[in-house]
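The first chain written gets the first letter, and so on, giving A, B, C and D; residue counts start at 1 in each chain.
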Amino acid sequence: MTTPGRVVATDGPAGPGGPVGAGRTVLRVDGLSVGTRQTPLLSDVSFSVDRGERVGLIGESGSGKSLTALAVMGLLPEGLGASGDVRLSARTPAARNLLGVGEREMARVRGDGMSMVFQEPMTALNPTMRVGDQVAEVMLLHRTQPSRSAARRRVVELLGQVDLPDPAHLARSYPHELSGGQRQRVVLAIALANDPALLICDEPTTALDVTVQATVLDLVVRGVEERDSAMLFITHDLGVVATVCERVLVMYGGRIVEAGPVQEVFADPRHRYTQGLVAASDLAGADGRRGRAQLPTIPGTVPPAGRFPSGCVFRTRCTHATQACASQPPWTPRGKHPAGAAAYGHACVHPAGGDDD
Amino acid sequence: MSEALQGVPALGPVGGPGGGAAAGPLAVEGAGRRRALNPSLLIGGSIVLAIVLLALVSYVWTPWPPMRVLPVEPYQTPNAEHWLGTDRLRRDVLTQILVGARTTLFVGLVAVGVAAVVGVPLGILAAMSPGWLGQLVMRTNDVLLAFPALLLAIMFAALYGGSTRVAMIAIGIATIPAFARITRSGALGVMASEYVVAARSAGRSALGIAGRHVLPNVAGLVIVQASVSFAIAILAEAALAYLGLGTPTGQASWGRMLFEAQTTLRSAPHLALVPGAAIALSVLGFNLFGDGLRDWLDPKLEGR
Amino acid sequence: MTDPARDATAGPPGPAIELRGVSRDFRRRRTSLSTPPPVVHAVRDVSLSVARGERFGIVGESGSGKSTLLRLVCGLDRPTSGELYVEGRPVHDQPHRRLRWLRSTLQLVFQDPMGSLDPRMRVRDIVAEPLVAQGRRAGNRERVVDLLERVGLSADAADRYPHQFSGGQRQRISVARALAPDPDILVADEPVSALDVSVRAQVLNLIDEVVEGFDLTLVLVSHDLSVVRHVCDRVTVMQRGELVEVAPTEQLFTAPEHPYTRSLLAAVPDLQTALSGRTARDLAAGVRGQAPA
Amino acid sequence: MILRLLQRLVVLVTSLVVASLVVFGFMRVLPGDPARVALGVNASDAAVAQLREQFGLDRPVPVQYLDWVGGLLTLDPGIEFVSRAAIGPQIADRLQVTLWLVVASMVLALVIALPVGLWMAVRHRHWDGVVLSALSQVGVAVPAFLAGIVLISVFAVRLRWVPSGGWVVPAQDPVGFLQRLALPTLSLALVQAAVLARYIRSAVLDVLREDYLRTARAKGLRPVQALVRHGLRNAAVPVVTVLGLQLATLLIGAVVIERVFVIPGLGSLLLDSVAKRELLTVQAVVMVLVVAVLVINFVVDLLYLVIDPRLRTGAR
């Protein structure tokens, strides 16, 4: 479909088979769908992340953003199946679709080529194992450190890199002796230990206080910058995405409804959902403060997962919806983007922006 | 702005399947609980129901007059006249099994009733009084847990002689701690919930909170415990009757039948097998019922 | 530090809520034989007054003592020392049974839309609970329907159970319950932090509407500075059990005095400032007390 | 850590005191007159009075209690009413027999339950896991004495591989000892293994749902590796609790099993004493059993401290 090398923008969403491995693309997801036998939870999700690039995945509860991450990691809960094409260009060239790879081979990629930071630092660590051993384990498992003692030395370095005080002593403590922010730094140290090509963060700071969040976000960004890793950052907080990421994917009802550079998507959204989301989340307004009782809202509530309407997933809450929205809106590219048409565009029949709004 | 404040339960104009707020079939967001009956609940429930029906039937009809020595051959194997055979004393085994079901259920009912009536309020009391009173109740409870039903029943029997009544009261008393403990743990969860804080700040009294919030919300746990305790009570009653400390000779009891059959294991094994199977089946029934109920009431076991 | 006395400049009716040197200590479990059991000073010497009709915000991170302070104000817990008055009547030294008046004067809206409504009760009974608890029986049915409509729910919601509603709708039910005894003061504890962004604005608008329409005094507790800024007239920042700063909202946000307030404000990943180029590094630097680049 | 240990020790001692009060109060205060119970209703008042005096039953109740506790502490709970045989040595003899039975059953139950329970948990969505789970559910429902009767009828009565009951001392006749130990051990162990396996299954299933197991998978551990390295130790806490409870259940279950297999253990002593109305012996045996249960609970508490670092500092 495209020539090897840098992926060029094509018409329509990038089809499967876009070569990964050459060039800078680390993760390419094409037509990913996830669901149970009866209920689709994720439909036709396509995107890619380049080396050194930080891509945000934003959505509310039930949007499928966490499922996307779990599907890429091959860690979907039992009972859910995935179809589509997921390719990772890590140390081994990704000639194969990760969705079709066996558990043994997948395990070799996890924690090495790609790793993940989860939402709940309080429960993400094994309560009966010293944190240093938990960090060392991921290196010994993938043999990135020659010996137990070398791994132990590296653990102290890594814990120091995530700004933990007295790392040598801290490595010997148990998770319950650390605060939530400290635990999340340990989880980050585990995720970064093997210099992954791709780091996935699933709401890593949602459970943390604002001041702690600020420092953890800084550490995350520094960590991927130093390693030139690709990052997929999942959150519901627009401010966080805008702070951390260069590019954003907006998800609703298991679909990507809009994508593009952070600046363009948030300052000038096209999809009616994005528009409503930006308006509703921005309490301060552009000039610092908005008058009372004038917050723009999106009517109705987010349906439970799997209960979104057919066609445009947002049409039941959209004030602009017409009969045309009953069939799935096509992807409309918005401009040239080096990562392809799926990286910059929207799926809305009655887009906002430009003249009419 | 008013559109946001409209009656929200109905979904927007373009539709969708009914009220969007109702729980979906898949509890991915934990929004609602799945109400599908699980096999344990169905099988266990059927067994329990069958035993109850058999016991009830025995009041109006039995194949032969119950507990009566009949003018027939002893040690008959199952046949058309006596579907499950006859025993050493020329009694009809099926009749005895049916009448024995009454004893089993009666003992279970009284024992579990005693335990629940005493244990549930104790558990709620322990959960709602954080001070020394709650501590005292639970510490005493922990010590009483060291007296299993069988041991307590043997102590009772040593003092008052063995009888069905002594057995079921002893089993009941021994089961109190289990109810107190499970009720307390459930009630602690309820007391920590925000709706109890809401009720307190609305001015509800402690008694009102106990009755209106705690009890309804621990009821599920208590019912599950009752089912499991029922099974334990059946086992204990059978063991006591077998040891000669429970239901005396001359009254129908599965444990007693088992004891009497032990001397003739070689010549008439069915005399042991039939009451044995009856005991195991009823215990299985109550256990399955309890397990199934627990899963049915616990939304976190679904999906995920 | 602001002098709390200076804030007690409410109009003639006197303050809605007044705290004088309120502290609350908790004794923790003993962890070693040689040291005495540790004492946690959850709230330390807090003096504060909230005027009638005011919208007052309390901001703080986890462990700052804001939840404890809230429980004290609501008469759900008693201070170790200090005095607390609601509408001029003492709360700090009263046993629970003497606080019945407070239960109709002051009502609460909670954070967790799932956990704040009893799953075994119908919405009708949930909303009517404050009325029933205070012995009012007559006319409850009409009142419930009226309240439900005021918070934007239809009358047929009364016969359903909480689990049949979404998070935002449950918060509406919570607000309806709080309004039932016709309170003067509404205390909202993180009312929108568990909600989706698209639903959050609806609930904030609703709170605004009822505070306005029912002429309420509002105390809003939140970790989210932007919510407080939107809703409140005056804000206090709590840290380690103390009020580090009390100021009118705009003053606090534009010219924070206390270093902790400054670092808190600097840490917020705001959409607009992010779009104008503030990075995660700037946020972290702000927390450390350095000027953002 | 030392503080937690001391706290547990205090709990043990108070529990023992409360338990002794319960047993004493129940056996001595409730029935009114143990001497009357022992001699029967037809005994003359003079005979009863004489017995009361001989055994000090006419003294104030607190004195009797202290005397009894003193006897227990010096391992000399006195003599029987009628036979005048010393109770202490009897209990010591019988306890050895029962301990063999209980320990052998517990070990066998564990050996069976560990792999089966793990298998049931890991394969809980596959047919083999479901079948095993159903089988274990049936196993739980079978009372040990019924299992004993079935085993006797098959292996002793039909096949004649082993005797149907009785007991010999291991030093005298090791083979005969093992032959006689086999069936009672098996009947206790099979049922206990079923119970234990179910608890292991649910403990492991709970752990499989934990976030840290997902973290372990994200590190690159395969599911079974993750379970072994991170799950088992955490699953051990509830399993150890059940092990303690089971050991207690086994002790009591042994009472019935000894009757089935005519084994001269503690249970037989208890039941014989009940039949003979020897309340002092009953009281002593009950107390021994209860002490055993409480000590087991104490050991379980200590094991928690070893397994779970969170409990050492009392953070939770």
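Some points to look at:
Definition applied: a contact is a pair of C-beta atoms (placed from the backbone, for glycine too) under 8 Å apart; a residue touches a chain by one contact, two chains touch by 3 or more.
Just so it is clear, the structure is predicted and the values come from calculations on it, not from any experiment.
Comparing per-chain C-alpha centres with the mean over every protein C-alpha atom, the closest match is chain B. Interface comparison, B-C versus A-D: the higher number of contacting C-beta pairs is recorded for B-C. Inter-chain centre distance (chain B to chain C, centres taken as mean C-alpha positions): 45 Å. Inter-chain centre distance (chain A to chain D, centres taken as mean C-alpha positions): 54 Å. Chain geometry summary: the mean Cα position of chain A and that of chain B are 49 Å apart. Averaging C-alpha coordinates per chain places the centre of chain A 33 Å away from that of chain C. In chain D, the positions touching at least two other chains are 313. Looking at chain B, residues 1, 4, 6, 8, 20-21, 23, 31-32, 304 sit in touch with two or more other chains.
In chain A, 61, 293, 297, 301, 317 are the positions where the chain touches two or more neighbouring chains simultaneously. Taken together, the chain C residues at the contact with chain B in this complex read 74-76, 100, 103-104, 106-108, 110-112, 115-121, 126, 129-130, 133-134, 151-154, 156-157, 160, 163-166, 168-169, 172, 174, 177, 181, 201-202, 205-206, 209. Residue ranges on chain B touching chain C, taken from their complex, read 1, 4-10, 19-23, 31-33, 193-195, 197-205, 208, 212-213, 216-217. Contact residues on chain A toward chain C in their complex (touch as defined above): 60-61, 180, 209-215, 217-222, 236-240, 242-244, 262-263, 266-267, 276-278, 280-284, 286, 288-290, 292-293, 295-298, 301-302, 317.
Remark: chain B residues 139-140, 142-144, 146-148, 150-151, 154-155, 157-160, 231, 235, 238-239, 242-243, 245, 258, 261-262, 265-266, 269, 272-273, 276, 279-281, 283-284, 287-288, 291, 304 touch chain D in the complex.
Residue ranges on chain A touching chain D, taken from their complex, read 73, 75, 78, 103-104, 107-112, 115-116, 118, 120, 123-129, 137-138, 141-142, 174, 176-177, 187, 190-191.
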